[in-house]
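Notes for the one structure printed next.
Every chain is named by a letter (A, B and C) in the order it is written, and numbering of its residues begins at 1.
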């Protein structure tokens, strides 16, 4: 297989964008990515786009064609990938596979979601489609509720506390302060997080990622041609994906995401490194409990110790492993289809040393972890500075 | 004649006190409570209706009696608070208890006596050999208009009776009905709440029909009302049954076991049937029970029932008194929320 | 999701009576029903099987912000119930006071309205669970 690198990335600001449309966000992130990669449209050979729920949220399907059209890249083949909140990560993986197979040299991967065009209730229903519609949503489940059911078990089995959950949010807000693309750039205190209104006990407002608009694009190139375009490409040294039961009730356990564990194991094997080697990780913190599960399931901390590690500051910027330097889904925002691609952009910029005040020192290895639904899909990528 | 081979009851968990309703409308709670003979009433939760109550009561009947659902050839649900104006509740019950698809089914409406009419229909079908077992249910989530006298009494609950010939727990020795066109209480098509004729509901309506049916039955079988060990009347409030007992010369003690309205309100189609169930919960073999239902509009079905020794094996679980005791009080605001009286909420 | 009439109708045996599946090959029970046994795949032999109607609370949450269709029911308990055959079921917990809703609490199935398609549409009924003493 050919090796694959990321040569550039582009983001829109994440947040509530009343003034920009879905397609304008795609165009903005795409243009920025092309500029960052120092390539032109004619260099691109194929497009993969992650988007979860444009049909439900906007009445717009056929997002692959829309992306090619908006970027002026017709007649390139352009394909939409959907894996709920892991749509971006899965699109990235499709792009990587397309180059690794030898079919293309340069590919654009985008992710986009416009979630504020409908009411919060409608958006929640659309997001609920990431779970089991017939047996979770139909019975009154929401996504916060599904993660709350996991949190409850984690607290029961490992003594994880509500404070430890809240500290994930406190840390991610602190990181987002230094990210110009983030939805929330204001720090929060533990007290604020603990006193917030309950959404689905034990999860409170600050335990939940927001509803966001945003788009992200990365440009991939075969590693053997990457340096023709940029001086500092970042190589994707592992790309792994796994599936699990769509509904929570089909899982062996509620205190681990098995799909994450399996994808992580595969990814570390491909990368020939261990979790200890990773300097920074963009993990899927749609809820604070999801970050605790992630840092355990990815192997950064033993099972059950994620809460303690967070409390001890081991996931803060420039600590044991810098987790969610972008602010994560919690504070940077979570336009679902864009998230997996945004994570790759953050890893790219960190490894290129372009992350400004949130820069991880001497970052050599980065990891991104994107989850679909309540854990039915997990995608893990590992990146290394070339 | 066919007998009762199983029975079950369901009463929703929420209760509102008469005192709480009186507080909201500035009424004298003690006077209202003693005037109606009602302390509190059962309130269906937002996700309960006469169909869910019918299913729970029917399941309790089937599980307690061990009747094979496949043997049930007819399901009749009596109610004046149907979840669908058109579409039977009886099919919901049939599927939920496993009696469908080889069965006949229909919903009956005759104000508060549709359930006992279902019993009579099942008796006829069993005795004629059309069916082996019939399921007759009376179930309501009765609605009173806010600040109407009915609001103090309209309760929620239901009872299910399995009618058949195989090892009956009680024999239905005879039944007699008295029916006339008497508009004392009604709900017009598309109207949300029923209207009633105030004091007209008493003498020309409730008492005339209840007493005529009882007297007709007693004459037919050659008994006196006070010959029975237990007597159950339809119970729109706590007072009417006491007055009916007095007029028929029944000792006051004999109506106590079957008088639930003071604690759960008037469960309409369920009322006389829940009363009978409460009697069966404690009756001894050979006890004799007189039951007289009443439905506005108007009519009464009277039954002479004799308990057999099978009762000891098939008393229903949970018992009526257990269901009465399992309660959680709500205030008027939660009552309004659960009964969906807050129109501003929309769908 | 509204107007899901065929879906509501199709699932009546599962929703009303907890009808699940059993694989005669690996002897595993499943709820909801499955077409293929995920363990045995082509070797599996799935048949209908009634699930037990009593179980224990495995995990629970109190939902304060409900989705469309459930938004006026808040707060409500949502739980994962573990049945004696190890099958897990996600359900609302009703008729259960707050102090009794605990992991491990015994529960039994009850029959309730799940949701309605507005004031004029079809009503979906099915199982919920309640804590028993």
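As a convention for this text, a contact is a pair of C-beta atoms (placed from the backbone, for glycine too) under 8 Å apart; a residue touches a chain by one contact, two chains touch by 3 or more.
All values derive from a computational prediction rather than experimental measurement.
Under the contact definition, chain A and chain C share no contacting chain.
Chain centres defined as mean CA positions place C nearest to the mean of all protein CA atoms.
Each chain gets one centre point, the mean of its Cα atoms, and the points for chain B and chain C are 30 Å apart.
Chain centres here are Cα means. That of chain A falls 59 Å from that of chain B.
Along chain C, residues 73, 92, 114 each make contact with two or more other chains.
Across the complex, chain A is touched by residues 1, 4, 7, 11, 31-32, 58-68, 70-71, 73, 76, 78-80, 87-92, 103, 114-115, 124, 126 of chain C.
Here chain A touches chain C in the complex through residues 121-122, 124-125, 128, 133-142, 144-145, 148-153, 156, 197-203, 247-250, 254, going by the rule given at the top.
Here chain B touches chain C in the complex through residues 13, 45-49, 51-52, 55-56, 59, 83-84, 92, 95-96, 98, 328, 337, 345, 347, going by the rule given at the top. The touching residues of chain C, counted against chain B in their complex, run 12-13, 16-17, 72-73, 92, 94-95, 97, 110-114, 116, 118-119, 123, 125, 128.
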